[in-house]
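Quick heads-up: structures coming right below.
The same chain A turns up in both complexes below, where it pairs with chain B and then with chain C.
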Partner chain A sequence: MAAPLAIHLEFGGGAELLFSGVKEHHVTLPSQSEPWDVKQLLVWIQRNLLKERPELFVQGDSVRPGILVLINDADWELMGQLDYKLQDQDNVVFISTLHGG
Partner chain B sequence: MSENVCSLKAQLEEKEKEIAALRNKLTQLEKGPGSSQELHRSVLPLSPLDARAALGNEDIMRYSRQLLLPELGVQGQLKLSQTSVLIVGCGGLGCPLAQYLAAAGIGRLGLLDYDEVELSNLHRQVLHGEENQGQSKALSAAVAVKRLNSTVECVPYHLQLSTQNALQLVQQYDIVADCSDNVPTRYLVNDACVLSAKPLVSASALKMEGQLTVYNYCGGPCYRCLYPVPPPPETVTNCSDGGVLGVVPGIMGCFQALEVLKIASGQGSSCSQQLIMFDAQDARFRSIRLRPKQADCAVCGDNPSVTQLVDYESFCGSAATDKCRKLNLLIPDQRITVQDYKSVIDNAEPHLLLDVRPLVEVDICRLPFSLNIPLSSLEQGKSEHLRLLQERIRRLKQQMAGDGQPPVYVICKLGNDSQKAVQVLEKMSGSDVDGITVKDICGGLMAWAKRIDPTFPQY
Partner chain C sequence: MCQAEEEYSDELGSAHVPSVSKKCVKCKEATAAVVIRAGDVYCRACFKEYYIHKFRATLGKNRVIFPGEKVLLAVSGGPSSCSMLHQVQEGLSQSVHKKLRFLPGIVYIDEGGAVGRSVEERLRTMAELQAVFKATGFQFYIVPLEEVLDLPGSVVVSALAPPERANSTYKAEVDHFMHSNCSTRSAPQDQDHEALPEVQESATQMLQQLMLSAKTLTARQNLLNTLRQHLLVHMARTRGYSKLMLGDSRTRLAVKLLTSLSLGRGAQLAQDTGFSDSRYGDIISVRPMRDHSAKEVFYYNHLFHVTFLFIPSLDTKQMTDKASVQRLTESFVTKLQEEFPSTVSTIYRTSEKLQTAGRCSSTGDQCERCLLCLCTLDTAVDDASAFQATLISEQLSQTAWPRVDRSKVAKHQGKPESTSFTAQYCSAKAGAQDCGGCCSFAKEPEPMDLRSLLCYSCQLTIRDMSSIEHLPPYILSEAQRRHRRCEMREEISEFLLDSGKDD
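On to the complex of A and B.
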């Protein structure tokens, strides 16, 4: 059994609007037999935090195009993307790309 | 017969003179008083910048405060004077960028924008003034830059960057800065830079946030490495919808100027494979380590599928402008014009006017008799708002005493959200709100201001 995980979630670039405009969320993921990975985190966010219009956040089992995921201030591409195993106190940021000028 | 021909010829000549005079007048107006800037409407070859071996006395005095920096020095200053930079978009990012590059003594600035200056630009597009309204942004920016530093060569382009002209244009410059405001242009600029092997200093801003990355530089990733698939169009917010605090693109444009100057002077940029995020609300900058250049990237990868410029509007499913899209979600029966709604009011027909804009916009202006329930509240089915709506409909029914279905007219700023609201309300019929006729007012309050009440504010 893996112990519950306390992680810090952040939403920015407009992605916070899907979460009632709240940018920072301190959440605790319940203990489960397997370690938590980002793929499971996305499902958890959809079930527990996402208030409206999931299609603006996820597509298939990943985030929709135009949202960049950062794990502990690094592009998730460098960390194994959906397969990254979350650690206690990890900081995960979902940032929507801006296009205005 | 020949008389007819003669007369027609004479008329034609007359009209041609008239057209020439109008053209002339337009050019003069666009140039503005006392300006010698020539506006380019197409891409022409440029002569190379003069190589210089030393700084003159006037240069030494003008740039003395930056010449004292060992990071720049005389060699760096000379390099600046031999560098040309293409600025794509002379708006909130492009204005401060052009200003600082010119002040620092860059050699040549290509200033590209297809748009004209509007009053609602002035809070953030700080090179343009009140007297420039209606003028080409490219020209207005060039005139302002020339006033600041007459030694900088400015090439204003009043045109839309396109698949046809982008490569020819980008190839003529050393560094490209993306200061555009829409997704297709961002992919177009990226691909043109990759295909021409030019570094791309890219920034964006919206509301209270900004982002900056240097692409295609020193073996780093390009825009497509990060964003291989464009975002769904409905997830993209522009400045005219979402708003932007002027100083936010100002800060990001200044940051772009910094990176351009570092690249141009030979110091190099530290923003390759980095994303700089700026949160103006928390006054916080963050630097994020990005993925490296991707081997499978469609344009800069090992086996690129994009080897020439493509159709970016169809690739992104959206137009290469930040003007608002016009949705068409409803059938004509579900919509009325502002003129029709005016007669509803004039005839004192019982109805409910539902304004579905967010509160912050209702504070700017509203029609006095409207009920405000934001679209997001309707979509979420917020109970206090639904109760309010049900109560108003109940009163309307009483007033009408069973004389047909109570009409609800939905309005917003431009007539997009109001259509979505009509769909939401129709889904609710039979449950939460029953027995009503819902219609959207085409073109929204901005159409009302244009066609019915010119004293109503536009924003």
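On to the complex of A and C.
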């Protein structure tokens, strides 16, 4: 049983428009039996934060191509992408590199 | 085959294994923060160095910007151009021998009017950017796109290039500059435009009408690009700048390359996507960010706190990827890039090798240039060409067009009577010809055919417009001038000794 996690989410490059224009979100992930990973975080974001048009943010299990993800200021490719196990106080940034957001 | 594929996917899989403690490939000490290409991981400090070096190297190896030259940076507020501004600032603060030696100015074009943003939103964006620009200490200009309506016709005329400075003199000039006035720093001029420019509502409406007259998003985006480019060149010319710096990133250029190709701009590719572009003659556009991928730009901006804004554009929040050719190409490239990380660089390397076959390289020949994009016309080709074939099949399929429909459509859209009359007149007179290329002009009863003045791709854009009467006056008057020129030339042609070389 993992304890609830407090993490900091940031959206930029136009991705914030899908979250009613709010760039920074301080969220608390509820406790659950397994540790939280990024894959589950995406599902959680989709259910709880995403305001419109999920297809512009996620695709399948992962984020849409063209959206960059940084975990604690490092490329998520270095952190194991979807399998990265989130820690308390982690900082996750999503930036859309697509023209026009 | 199967075997090979399996091995390949294995390799891919192993790259994804969590590797938090990976070391930077450059210094081999610090923990990596950024993956640039598959396998190449850099730490923060090395990434910064790599990024800055690439910018300077691009400028250095191309040797087009001479010491002391005035260079206008076109900053849209987006990530790439803001990063470019940051690089220039960084370059000017370097020690003497590493210092960038040109005098920068900034121009921001507010396209809010064309995109349909409210006045408050536009003002907010302008104020934010103004703060950024002020902090740089460079001369800056904030211009609404509405000003494009008041441009002089000379904008769409390629000016004579100044006597070319040979590449060999570059080094001498650099040395000279180093010895004489190293300290020439663009003294922070008095900014006489503290107040943000005010835009008249009527101008915004005219601009919006113009944008709406383009029926497809593809044409609208092309039109916007064209107008923006004209205004940028005009700003550079009137303010005494000789170079224009554009912030296209490598990813952007790759998308642009494929887009241009699918829009029939094959002949102009080299100029549209190359490092430098001399189509305007006196103003050379350069793209120093063309070696930086979008990912690098975003990481750099994020890691080193480069301020950039997100400004909604025409295609923001479009429902589908198929909204426009530009949009579709972008999604194609980014999706491919996700699985094949060398996609963008492959496309980009291709663009580097492109060259325009110099059929008509003299910059003075006006009649040979497209009215909108100012590239050499690609429409004067042999009878047995793909272009002619397209025209013929177009003519054949258009004879079947019920003519009444056209004018009905025109009336339905609530256009002035005269237009629909002209449309009828055109279709009656020109028969197979497309009416989209004709319009009534106040001073001249004869409908104007823009198509003969445009390159193939711009013809397509114009054809997607319901009428050309909303085009800015400078384009229409220049078109008229060129028509008269051609007529006059025809009239006097028998008295000319060499009809090809006259002016």
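Keep this in mind: the second predicted complex is superposed on the first by the 97 of 101 C-alpha atoms of A that agree within 3 Å, B and C clash if a C-alpha of one lies under 4 Å from a C-alpha of the other, contacts with A are read in each partner's own complex, and residues count from 1 in each chain.
FYI, a residue touches a chain if its C-beta (ideal position, glycine included) is under 8 Å from a C-beta of that chain, and two chains touch if they have at least 3 such contacts.
For clarity, every value in this text was computed on a predicted model and none was experimentally measured.
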item: Combined model on chain A: chain C and chain B, fit or clash; value: clash
item: Partner chain in contact with A:54 - chain B first, chain C second, else both or neither; value: neither
item: Which superposed partner A:13 touches (first chain B, second chain C, both, neither); value: both
item: A:84 touches, of chain B and chain C: first, second, both or neither?; value: second
item: Touched partner set for A:73, first chain B, second chain C, both or neither; value: both
item: Touched partner set for A:95, first chain B, second chain C, both or neither; value: both
item: Colliding region between chain C and chain B, picked from 81-89, 369-377, 387-395 or 423-431 after the shared-chain fit; value: 81-89
item: Doubly contacted residues of chain A, that is, touched by chain B and again by chain C; value: 12-14, 53, 56, 65-66, 68, 70, 73-75, 77-78, 95, 97-101
item: Residues of chain C that touch chain A when the two form their complex; value: 15-20, 22, 31-35, 41, 79, 251-252, 255, 294-295, 297-299, 302-303, 310, 312-319, 326-327, 330-331, 334-335, 337-338
item: Chain A - residues contacting chain B, complex; value: 12-14, 51-53, 55-56, 64-68, 70, 73-75, 77-78, 95-101
item: Residues on chain B engaged by chain A in the complex (per definition of touch); value: 89, 91-94, 178-183, 186, 203-207, 209-211, 226-232, 234-239, 242, 244, 249, 275, 277, 279, 286-291, 322, 376, 379-380
item: Complex interface listing, chain A residues touching chain C; value: 12-14, 16-17, 53, 56, 65-66, 68, 70, 73-75, 77-81, 83-84, 93, 95, 97-101
